[in-house]
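Step one of this worksheet: look at the structure below.
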Amino acid sequence: MNTFGTRLKFTSFGESHGVAVGCVIDGMPAGVKFDEEFLQNELDKRKGGNQFSTPRKESDKAQVLSGVFEGYTTGHPIAIVVFNENARSKDYNDFKDVFRPAHADFTYFHKYGLRDYRGGGRSSARESVARVAGGAVCAMLLNEFDICVQSGVFGVGRLKSNLNEDQFDFKWAQESEIFCLDPSLENDFKAEILNAKKSKDSLGAAVFTRVTGMMKGFGEVLYDKLDSKLAHALMGINAVKAVEIGEGINASKMYGSQNNDILKDNKFLSNHSGGILGGISNGEDLVLKTYFKPTPSIFREQESMDKFGNNVKLELKGRHDPCVGIRGSVVVNAMVRLVLADCLLLNASSNLNNLKKIYNLK
Amino acid sequence: MNTFGTRLKFTSFGESHGVAVGCVIDGMPAGVKFDEEFLQNELDKRKGGNQFSTPRKESDKAQVLSGVFEGYTTGHPIAIVVFNENARSKDYNDFKDVFRPAHADFTYFHKYGLRDYRGGGRSSARESVARVAGGAVCAMLLNEFDICVQSGVFGVGRLKSNLNEDQFDFKWAQESEIFCLDPSLENDFKAEILNAKKSKDSLGAAVFTRVTGMMKGFGEVLYDKLDSKLAHALMGINAVKAVEIGEGINASKMYGSQNNDILKDNKFLSNHSGGILGGISNGEDLVLKTYFKPTPSIFREQESMDKFGNNVKLELKGRHDPCVGIRGSVVVNAMVRLVLADCLLLNASSNLNNLKKIYNLK
Amino acid sequence: MNTFGTRLKFTSFGESHGVAVGCVIDGMPAGVKFDEEFLQNELDKRKGGNQFSTPRKESDKAQVLSGVFEGYTTGHPIAIVVFNENARSKDYNDFKDVFRPAHADFTYFHKYGLRDYRGGGRSSARESVARVAGGAVCAMLLNEFDICVQSGVFGVGRLKSNLNEDQFDFKWAQESEIFCLDPSLENDFKAEILNAKKSKDSLGAAVFTRVTGMMKGFGEVLYDKLDSKLAHALMGINAVKAVEIGEGINASKMYGSQNNDILKDNKFLSNHSGGILGGISNGEDLVLKTYFKPTPSIFREQESMDKFGNNVKLELKGRHDPCVGIRGSVVVNAMVRLVLADCLLLNASSNLNNLKKIYNLK
Amino acid sequence: MNTFGTRLKFTSFGESHGVAVGCVIDGMPAGVKFDEEFLQNELDKRKGGNQFSTPRKESDKAQVLSGVFEGYTTGHPIAIVVFNENARSKDYNDFKDVFRPAHADFTYFHKYGLRDYRGGGRSSARESVARVAGGAVCAMLLNEFDICVQSGVFGVGRLKSNLNEDQFDFKWAQESEIFCLDPSLENDFKAEILNAKKSKDSLGAAVFTRVTGMMKGFGEVLYDKLDSKLAHALMGINAVKAVEIGEGINASKMYGSQNNDILKDNKFLSNHSGGILGGISNGEDLVLKTYFKPTPSIFREQESMDKFGNNVKLELKGRHDPCVGIRGSVVVNAMVRLVLADCLLLNASSNLNNLKKIYNLK
């Protein structure tokens, strides 16, 4: 339930206003150089703190509790914990019996019979601290194999970049406060966000991901296909409502003769497939798109109900992103890394040749 | 790898031109009325055989090997096998060293070091016989709870229905040879398919799914969210390249004030979410869209490579659907049933109240 | 529930008097030479048919449905099915409402609310056909690494071999009708069994297992320890009530200075541990002992109850082994093979060195 | 690997001399009263600190990081962490390249290519802090159903209680510093331990467990049988070398007519089975025996090797139990609780009747 992955098992825990959020990463091979500074940098990217994200201020300092010795992974579970510091639970006292619209309040209450109403508890986007930490650790493994996962934002609300995917500027995105992939739209995106914020509203966003350095053979048939695992990982991020691989929806409108990627001179002449054939990576770049709904928390008055069945009107307090997909792009990146690290490990035992190499047999 | 589900485990096996395809369904509770006729009907729906699908003729007669006694499930694994009868493996002899474009041939070869080239072996859409059988068994369980899963086709190639989702006609779709949801487009869709076929090409398609009778509480947080599981299930179907839940991509273009579903007088006033909040069903209809790429097998000459690294030209033989998404809609339906049956079982132990009811305690 | 293993997943299905019993083995690497004759031989060993086992006569002909192509495994699920031929279900009509003593009848009825009463249904020792088939396939993989698993009987009822473990004669056991490890006791064991049979009673047995050719590094800490997995596998065999690793119970009576295996000149000077330290194989022979209770089915009159709560007297019919542990030794062997194949695969991704070898990196 | 359980997933992390040890318990139903004082008491039992256990002094103060709100479980993962305080890592500096006899040093080094040599790192018995915490949380659930798990010591080295199992005194054991089940042997056991300690040696022990208040129906066939899961849980505890269920090895020496438990007047007349038939609980007390080898760490000079292949002589430092099975009995108890809580949850969806009760259907 709170564990993700097959060979590399990532388990997360923690509530928005609880003591801490954290994760346990189990199955990481021994001997991987552990880079604590990189881990912290990734968490800092997710942290936000500017005017385009949440005003909640957390140091989000990661503490590694286990699984690392003298700078290397030991093959044992890596537990990482981030203590919550800046929880303002009293913001939520007024809403403890009220179901905030488009939030998990209603469903959690009906499923569990009770709920931690402080900041959404377990359903809060704050849980993504754990995901980002997990993704960072996986990046340390992927790095040994020169596999590089990058994500950024190419659409905000009704605005969408017209650039060709190959033109997306990941370097720019890394420096951008909103992880924007299209430098020419950086200001428009920002203005759109601030406008929505001013009118006490929120926006959706579209995130693009490219993975370079891919090897062939990642993904297990049939229910651990690479695309299946990616869709599982991405659709499970808070507020995501759609996932596309390669051409995505557009593929459904093409002819086979257009969509088939032709292999010639040991190269694919196109990459409509997004790097996956039959659920297994073909060595081309992985190409993914992830779509976020607008942040459900908006500050204008809304109607709703409480748990006793009364209609109520509510005006939310709390500290919320006007466009949850912005920081969501960092989480997308983390989840893709978690998937790929798992695939890398699973693939190790795919055929007898692999196994004989390990055991130095012929 | 070939198993799907958490509490209800569905395992499939079999190759397109091997001895048989089949599945084992483990975790089905005891006491569910087993309807063999319904199982066979579902397989017949998937079978095709008309001019809009594959000309391969199989009886696809399901044989139940275990797990059913005196008409009821026993709580033990239900094994179902369908023997292959009409495999024309010689169609593939010419292509045993060639990688068919947009197929799994290339990736399977690189992952496993060898491959069953007859009809794609394990990567063939024929494996969906197992999925449909599994889905049919799950429908027998869901039926006890009045949960009804329906799917149909609303887009073929560049044609797309303009109907509002609420107007889709599932009754019509059930009788339609192409599972068409929009009676006014039935003929256009058919013509489009036959045209593509005539020009030795293929088409993609778009599939819509609605689940009625949903209960609240299906789906486990965080990595077994209902939407996560659905995306995993659907993206793993052969040829699927995109999945949308509720408003899907459209949600990323909306304002929060538009997209939030307001709860009033114990009803949701809209269903932009597609029936899922925080990864858990809210009791509204589940609404999903699944997009298929065009069938990779086309009969015009194509370029490719063989496993020795030579460029080759190939003209495929074999028997292929001109639009794989048509029969794909039956598989979509099956996979959604598998997910929901799993959720139904998992939810049984979500809280102490549930458990005390089972054990007749207060 | 009906699946065993972590990386190599073995799923079994089928009832004693149902259509068939069988299994699906998923995760077997591609490229392993598949030896159907060996598979059949292993099933024949389990089959019994002599006066020391069940008189039920089955051909137990294995049919491989998938996962093998041109004599090699493909990396895809291997489904094996054995159709039941000689089911005499009418033997059980008188007992359909009666709970046979020391059988699963009582517990199955209470757990599932109904049960397949014919020959115990799913709880029958006939299910071990699937286990033995699975073990045989795993042996094909282990064989590539010169790992050899052997089991035999060293105790029957109150008789027990006084030989030192190193003196057990596996060659003799292979030819023995009762898999006896001590040639000097073969006749005594046989006489004991026939005596019990004559007095309409049954006997327990003790089974010894040795694995040669072990590599270092099998087993994952902490809840997939090699000893943990072995105990799980062996205690799950019908009628097994105790498992010992290495010195077993005797270790609890020794001093540390006696029990510690000293490592000197690159060799262990003793093997009290049975080849496992800290849950991981140390390269020494694996040494295991498994203890079977007497067959619960005996032919003398016994008291019991029926499902309506009435006390009854019953005289069993059916065809039963007088000493279930004899053929149980074949099942023990199979389960150990399943465990070791799983460990072999899991170990492939234990450290970065292994992974780099696979991907030809340094 | 570091996760235990099917529906209730328990994951542990942490090294003996690392920052902390801890666990995440996932799948606990919502609404269970959480008793932090009880949790701490259980950890205190395990802590030792007297002359019969380790002199290492830790407060072992549990910190609950998540999953509990206003005194009740929320249905979300419960993370518990215990920070290490009294790690004297320098005790191990001399042994960082040496393989301590009968420890995991040798196997960890060969499996992972490196190891945390401080106190055995992950292989240390200190990891059982996590197990005991997990078991305590499970006891809170079991308590709601009046299921009570008790364990104690009935053998130390060559001394063994002659009491009948029914005479074991759990009340006495709770107060005993060595959890002794036989008051008449308390002093002898203690003397035996102190003697071994004085001669720089160590002892094994035998632990007995009884579970009262058992329900029928716990355990899933075939590879999640209750006995299979218990054996898995117990054999995975550090130093355990044998596990018996009910009569255990003794059953292998009995006749069927002796061993079969007769059911009459709605009661079993005996409990040779130890409460399990066909892998499922029959409502009788669960009866288990677990056997520990002597602590591998002894303080007399021993021979061994270092990782460079040199023969060495070593005299261990560090703080070790003279008889690891004493505190092991607390861990046995915890593991049985983990198994039973898992079974309780899994059983909830075993049949349609159970499910209909939950959803208030008929």
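A, B, C and D are the chain letters, set down in written order, and residue numbers restart from 1 in every chain.
Everything below uses one rule, namely that a contact is a pair of C-beta atoms (placed from the backbone, for glycine too) under 8 Å apart; a residue touches a chain by one contact, two chains touch by 3 or more.
Remember, predicted model here, so these are calculated numbers, not experimental data.
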item	value
Third chains touching both subunit D and subunit C	A, B
Classification of the subunit A:subunit D interface as same or different, half of numbers criterion	same
Centroid distance [mean C-alpha coordinates] between subunit D and subunit B, Å	44
Subunit B and subunit C: spacing of chain centres that average the CA atoms, whole Å	38
Mean-CA-position distance for subunit B and subunit A (Å)	26
Where subunit C touches two or more other chains, by residue	1-3, 12, 27, 30-31, 75-76, 111-113, 122, 221, 346-347, 350-353
Category of the chain touch graph - line, ring, star, complete, other	complete
Touch list for subunit D against partner subunit A, complex	1-3, 9, 11-15, 18-22, 24, 26-27, 30-31, 63-67, 69, 72, 74-79, 81, 111-116, 121-122
Contact set on subunit A toward subunit C in their complex	7, 27, 29-32, 75-76, 141, 144-145, 215, 221, 344-361
Subunit A-touching residues of subunit B, taken from the complex the two chains share	1-4, 12, 99, 101-108, 110-114, 122-123, 127, 155, 157-158, 196, 201-206, 216-217, 219-225, 227-236, 238, 240-249, 251-266, 272-274, 276-283, 291-298, 300, 302-305, 309, 311, 325, 346-347, 350-353
